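Next come two complexes built around chain A: one with chain B, the other with chain C.
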Partner chain A sequence: MTTSAPPVRATHRLATTGVVAGSLLLMLLLALPIVTVVLRSGVTGLQQLGADAELRASLWLTAQTATLATLLTVLLGTPLAYLLARERLPAASVVSALLDLPLLIPHPVAGMALLLAFGRASPGGAALAAFGLAVVGSRTGIVLAMLFVAAPLYVSAAREAIARVDERYESVARTLGDSPARAAWRVTRPLAGRGLLAAAVVMWARAVSEFGAIVILTYNPKVASVLSYDRFTGEGLDAALPVAAVLVILALVPLLALRTLRARALPGELTR
Partner chain B sequence: MIRVDGLGARAGAFALRDVSFELQGGAWGIVLGPAGAGKTTLLETIAGVRHVDAGSVTLRNTDVTRTPPEQRGVGIVYQHAFLFPHLSVEANVAYGARDRAYAIEVARRLGVGSLMSRAVGSLSGGERQMVAIARALAPEPDILLLDEPFAAVDPRNRTRLRRELRSMQWEHSLTVLHVTHDFGEAGTLGDLAILLEGGRLVQAARPETLFRRPASPAAAEFLGAENVFAGTTTPMESVSGDEPGVMLFRSGSLALVGISDAKLATHAVIRGEDVVLSRERPGPSSARNAVAGVVAEIVVHGALARVTVDLGELPLVATVTAGSVSDLGLLPGSRVVATIKATAVHLC
Partner chain C sequence: MRCLRIITVLALLAARAPSANAAPPATRAGGDTVVVFTAASLAVPIRAALDTFARRTGAVVRQENGASLELARRITELHRVPDVVALADEEVFPKLLVPRAASWYARFARNRMVLAYTDRSAGAANVSAANWYRVLQRPDVRVGRSDPTLAPVGYRTLAVYKLAEQYYRVPGLAARLEARTTPALIRPNASELVALLQAGELDYIVDYESLARANHLRYIRLPAEIDLGDPARAAHYARASVRVPRRTDTLTYAGAPIVYGIGVPREAPHAAAGARFLAFLLGPEGRALLGAHAVDVLRQPEFIGDSVPSALRRARR
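The block that comes next holds the complex of A and B.
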C-alpha cells in the first residue's frame, strides 16, 4: 500500500517554495547591479582615488555638505521630533503630512521648488543674500537640497526613537526637580541616544546619495553623485563606473554603522 | 496636606471624574480599587505630571492645580520603579537631591546602601523599588506618592521597608498617599482609605470604616466581604439626620436586623468573621439575628475554615477557626445556627 502526503502539507511546501523563490528573486534584483558595479570597477575606482583630484574633492565636498545638513537637521529636527513623539504639538497630523511630502515628490521637482523659493529672484533668496548666502551654484544650495530631501527621514526616525522611551521616566525626573527641557536632556536624550544616532546616520546616507534636487540647484561644485552623472554623460559608462563603484563602497560605512547601532538594545526600551 | 476637589483628568481613553477627598498633613492615605480604577492617574495628577481637566489640587493649603511638578515638592514612586537605566544606582538616588550625603543616608536606611555602585540593570525587581523609594525621598519632599511600591519586594524586606518608611514619615511629618492591593497594608498603615472604581470615588473613610461599612455592594465585594445580599429594608427605629439607624432587612424568607447609614439601603453586607456558628440555638443574648441552616461546604485554609451554610434560599459564609470546625464536629450536612449581631449587618 502506498501513502501520500496530506494535501495540506503539499500546499504548505508549495507556498514555502514560492516564498523562498520570490525572496531570492528580489534579492538578486537588488544585489546584482551593485555587485556588478563593484566587481567591474571597484579596484579601479579605489586606485583612481589616489590620482583623481576631482573625485577626491567631490567626495570631500559630499561628506562636508551631508554632515552640515545632518547637523542642522539634528539641531532643528530633534525638538520637533520630541514634540511629535510626546503628542504636544497642535495640528500634529498637518505637521506630519508636511514632513512626509518631501519624501513623496520627485527629487528634481524638489530642486525646482527650492529654486523657486530660494533662487536669486525670490524673496527667500533675497533674504539669504542679505546674509551673504546664495543657493544656486553654491555649497549652501547643496546643503539645502540635502536637508530638504533627507530631513524628514531623520525627524521620522527620531520621533520613533523618542516615542520608545517611556514618558514616565521624564515624569519622575520632573518630580525630582527638572524642568521639561532639562528632563528631556538628562533622561530622554541618553535613553533615545542610539536611536537618534541611527536616525542621523540614515539621514547622512540619504544626503550623500542625493542627486535630483542638487543637480537642479548646484551643478558646480560637483558632489559625487553629480560627478558620476557628469562623467557618464560627458565621457561614457567606462569613465563613470569607477566613481560609481567608489560611491557604492563608501555607502558600506553608514550601513555598517547602522547595523552596529541596531545590534545593541536601547536601555530605555528594556523597561517598556 | 493633600486635598482634591472635583478632580477630573484623562489618561488615553480612561477618565478620572469628580474625585474629592482630603488627607491631613502627616497622615498616610491608602488608595484602593480594582485594576483600571484610576489609582495611578490620581497619583500622577496630584504629582502634576498629568494635566487636570476639572477641579483642583491643593497641597499644604496652596492651590497647585497649575503648578508644574518640579515646584510641587512631591515625590512619586511608580510600581515599575522607572529607575534611569543609563545611570548608576547612586546617580539615581542622588538625581534630585540637594544634599548628596542625605541621599546616601536615606538609601542606607532603606537597605540599599550596598547597591550604590551597581548598574540599574543588575538589580532585582524588589531592589529597584527600594532604590526608587530612596530616590523619591532624597530631595526631602513632604509629600510622597507610592504606586504599589512593595509589590516586587520579598516579604522580609517588605516588613522592614514598611517599618522604616513609617518611621521616616513620623520623623519628617511626611504625608503619604499609597496605592495598594494589599488590604492588610491598608489596615496597618492607613489613616484614610480611598476607594476608587471606574475613575470615580466610591468612598473615602478610615480603613476600619471602609471595611466594616462599605458605601456600596460593589465596594463590599471588592473589599472582600463574603456575604452581600440584595433585598429590601424597612426602618425599625427612627432614623434622624445622618445617624445610623436600625433597620429590618428582608431577602426572600431571610430577615435580618441591621444598621444602615442610608435611609434607602438595598443590600446587606456581612463579613464572614462576624458570623458565629453553633450546633443549637443559643440562649438569650444581645445578638439580634439567629438563623438556622445546613452546612453545605467546609474549606480549610491553614488555621481558618470557610464554612458555607445553606439558609434555604441564600448561602451564608462564616469564617471560623479550623479548631472550631473540629470542636463543633461540623461536616457537610450538619445543622447549625448562625448568630450575627445587628451591628455586623451593614445595610447599604
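The block that comes next holds the complex of A and C.
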C-alpha cells in the first residue's frame, strides 16, 4: 500500500491538514482568552494607570519582587545549572528530580509549606527574623514564593543552555592555563549567555504571574495577581479585568525581548 | 498510515473524555447533584451535613468555600450558580442577591464574635474578658483580622471595636485597636485567620465562636453588649456604624446580631435537589450535625421572600 504514490500523497495531505488544524486549535485555545481580556479592558486598564495609585503600586511591587527573585536565582542557580549540565554532581539525576518537585506541588500548598518552614514559629523563620526578615505580609514572602515556584524553570533551562555549549572549548582554555572555574566563566558563560538570559526571562514571567503561593504568605501588600483577584471578589469582573489587561500588556515586553534574543541567538550560536 | 491511526485514536479519546468525566455524577444512584457555596466559617459544619446527606440519598455533593461577598459575586458576576448558597451574613442576600439572583432566603443560624488565641500567644497567660483590649494594644502582640470589603467577619470585627469603645468608655479605643492590625496581617476571610493563628504568625484574632470551638482554639467570650451574639440587643449593636473605604466608594455597615443566611438561587441547576438538602440541613438531623460543629442553629429558621419551596415549609419543624 505504501508503494503506490497517490495514497501516500493523500495521507500526507491529510496529516498536514491535521497538523495545521491542531496547531490552529491550540493557538485559539491559548490566545482567545487573553485577546478577549485585552480587547475588553486593555484601554480602560491603561487609562486607569494614571488615576489608580493602588494599581501602579501593585505593578511596581510585582516588577520589583519578580526581578529580585530572578536575580537571586541567577546568582545561586547558574553554578548549579553548570554542575548539572557538565555532570559534575554526584547523583545529578536525584538533584534534578528534587529541582522538579516544586513544579509538581500545587501552589497554595507551596505557600503553606513555605509558611511552615519559614513562618515566625519555625527555626527557619527565627533565622530570617535575625536579619529583620519576615515571610508573612512582606516583600520577603513574595520573593520567597516566586523563587520557590519559578527557580526550577530557570535552572532546567540554564542547564540546557550550558549543555549546548561544547565542553571542548573549555578544554582548550584549560590547555592554555585557565582553571576550570575561569574556563567556565570566560568561555561557556558568554557562549550560553543568550540561553541563560532567555531562561531568566521565562522565570521572571512565571514569577510575575504567580498567585497561589503568594496569597498564602502575603495578601498585603498586593502584587498584581492578588490585586486582580481581590478586585474581582470585592468589586466584580469589571473592576478586575483592567488590572489583568494591564498586566498582560506589560508582560508582553519581556516576552518580546525573549523572542528577539532567541531569534538572534540561533543562527550564529557556537554549538557542537 | 500510522500517523492517521494515531490522529483517529486521539480524536476518539478527545470525543470520549468529557462524557467519561460527566457520567458518574449524572448516573449514580439517586441521580441528585447538589453544589453548595459556603462561607468559609461554615465550610466544615456544612461539609459534615453534606457528607451525611450524600450517604443517605446517594446524591453527588460538591462544595465551594470562600468569603461571603466573594461567593455572591461568583453568582452575580460570573453567573456560576450553585444549588445552595450559605452566607455568614443574611444581609448579603438583600444587598447583592435578592431579587435578581434569588427570590428568598432563610435566616438559620447565629454566632458571636470572640477573641481567639493559642497557648503560645504573647500574653496568653494573663488575657481575660476584663483586659483583652489592653493586651491587644501591647506592641509585642500581633493581632489579625479579616478584610472588611470581602468578609462579614471583617466588618463585624470593626463593629466589635466600636462597641468596645462605648462599653469600656475609652475614647479612641476603636481606632487604636483597628490600627493594631497592619495591612500585612489582614486576610480575606475568617478561616485563613485561624490558619495563621495556628501557624504562630498571629497572637490574637477576632473571629467567630464556632470557628474557635471547631478548631480547639482558646478564646475569650466578650461581653454580650459587644459580641454581636444577642438578637435582643439589635438596637444597641446598631449604634456601631462602620465605614469601609473602598477604591471607588465607601460602604457603611451598621452593627447587627450575627445571623447566617441560606437559600436556593433562582437559576440553580438542580434546584429541587438543593431544596431537599436544605430541608435536611434545617431538619432535626441537620441541626444536630451543625450543632456538633459549634454552629448555633435557630430552633425555627425564618424564611424571607417569595416562593419558598413547599418541601422546605413542611420541613421547618
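Following the convention adopted for this analysis, the second predicted complex is superposed on the first by the 249 of 272 C-alpha atoms of A that agree within 3 Å, B and C clash if a C-alpha of one lies under 4 Å from a C-alpha of the other, contacts with A are read in each partner's own complex, and residues count from 1 in each chain.
What we mean here is this: contacts are C-beta pairs under 8 Å (C-beta built on N, C-alpha and C of every residue); 3 or more make two chains touch, one makes a residue touch a chain.
Bear in mind the structure is a predicted one, so any value in this text is a computation, not a measurement.
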Item to check | Clash-or-fit label for the pair chain B, chain C on chain A | outcome: fit
Next on the checklist: Contact-wise, after the overlay, does A:Asn220 reach chain B, chain C, both or neither (first, second, both, neither)?
Outcome noted: second
Checklist entry - Regarding the shared-chain residue A:Gly18, is it in contact with chain B (first), chain C (second), both, or neither? => result second
Checklist entry - First (chain B), second (chain C), both or neither: which does A:Leu116 touch? => result second
Item to check | Contact breadth on chain A, by residue count: chain C or chain B | outcome: C
Checklist entry - Of the partners chain B and chain C, which touch A:Val172 in the superposed model: first, second, both, neither? => result first
Next on the checklist: Let me test your reading of the model: by the given contact rule, A:Val187 touches which partner, first (chain B), second (chain C), both or neither?
Outcome noted: first
Next on the checklist: A:Glu54 in the overlay: touching chain B, chain C, both, or neither? Say first, second, both or neither.
Outcome noted: second
Next on the checklist: Taking CA centres after the superposition, what's the angle at chain A between the directions to chain B and chain C, given in steps of 10 degrees?
Outcome noted: 150
Next on the checklist: Per the contact definition in the header, classify A:Pro90: touching chain B only (first), chain C only (second), both, or neither.
Outcome noted: neither
Item to check | Shortest CA-CA distance between chain B and chain C [superposed frame, angstrom] | outcome: 34
Checklist entry - Which bits of chain A are touching chain B when the two form their complex? => result 166, 168-169, 171-180, 187, 190-191, 267-268, 270-271
Checklist entry - Hey, which residues of chain B end up touching chain A in the complex? => result 44, 47-49, 68-70, 72, 74-76, 78, 80, 82, 84-86, 95-96, 121, 135-136, 139
Checklist entry - chain C touches which residues of chain A in the complex? => result 1-2, 11, 14-15, 18, 52, 54, 115-116, 119-122, 136-138, 218-221, 230-237, 239
Next on the checklist: Under the definition above, what is the set of chain C residues touching chain A in their complex?
Outcome noted: 1, 3-4, 7, 66-67, 69-70, 73, 76-78, 120, 147, 149-150, 182-188, 196, 199-201, 246-248
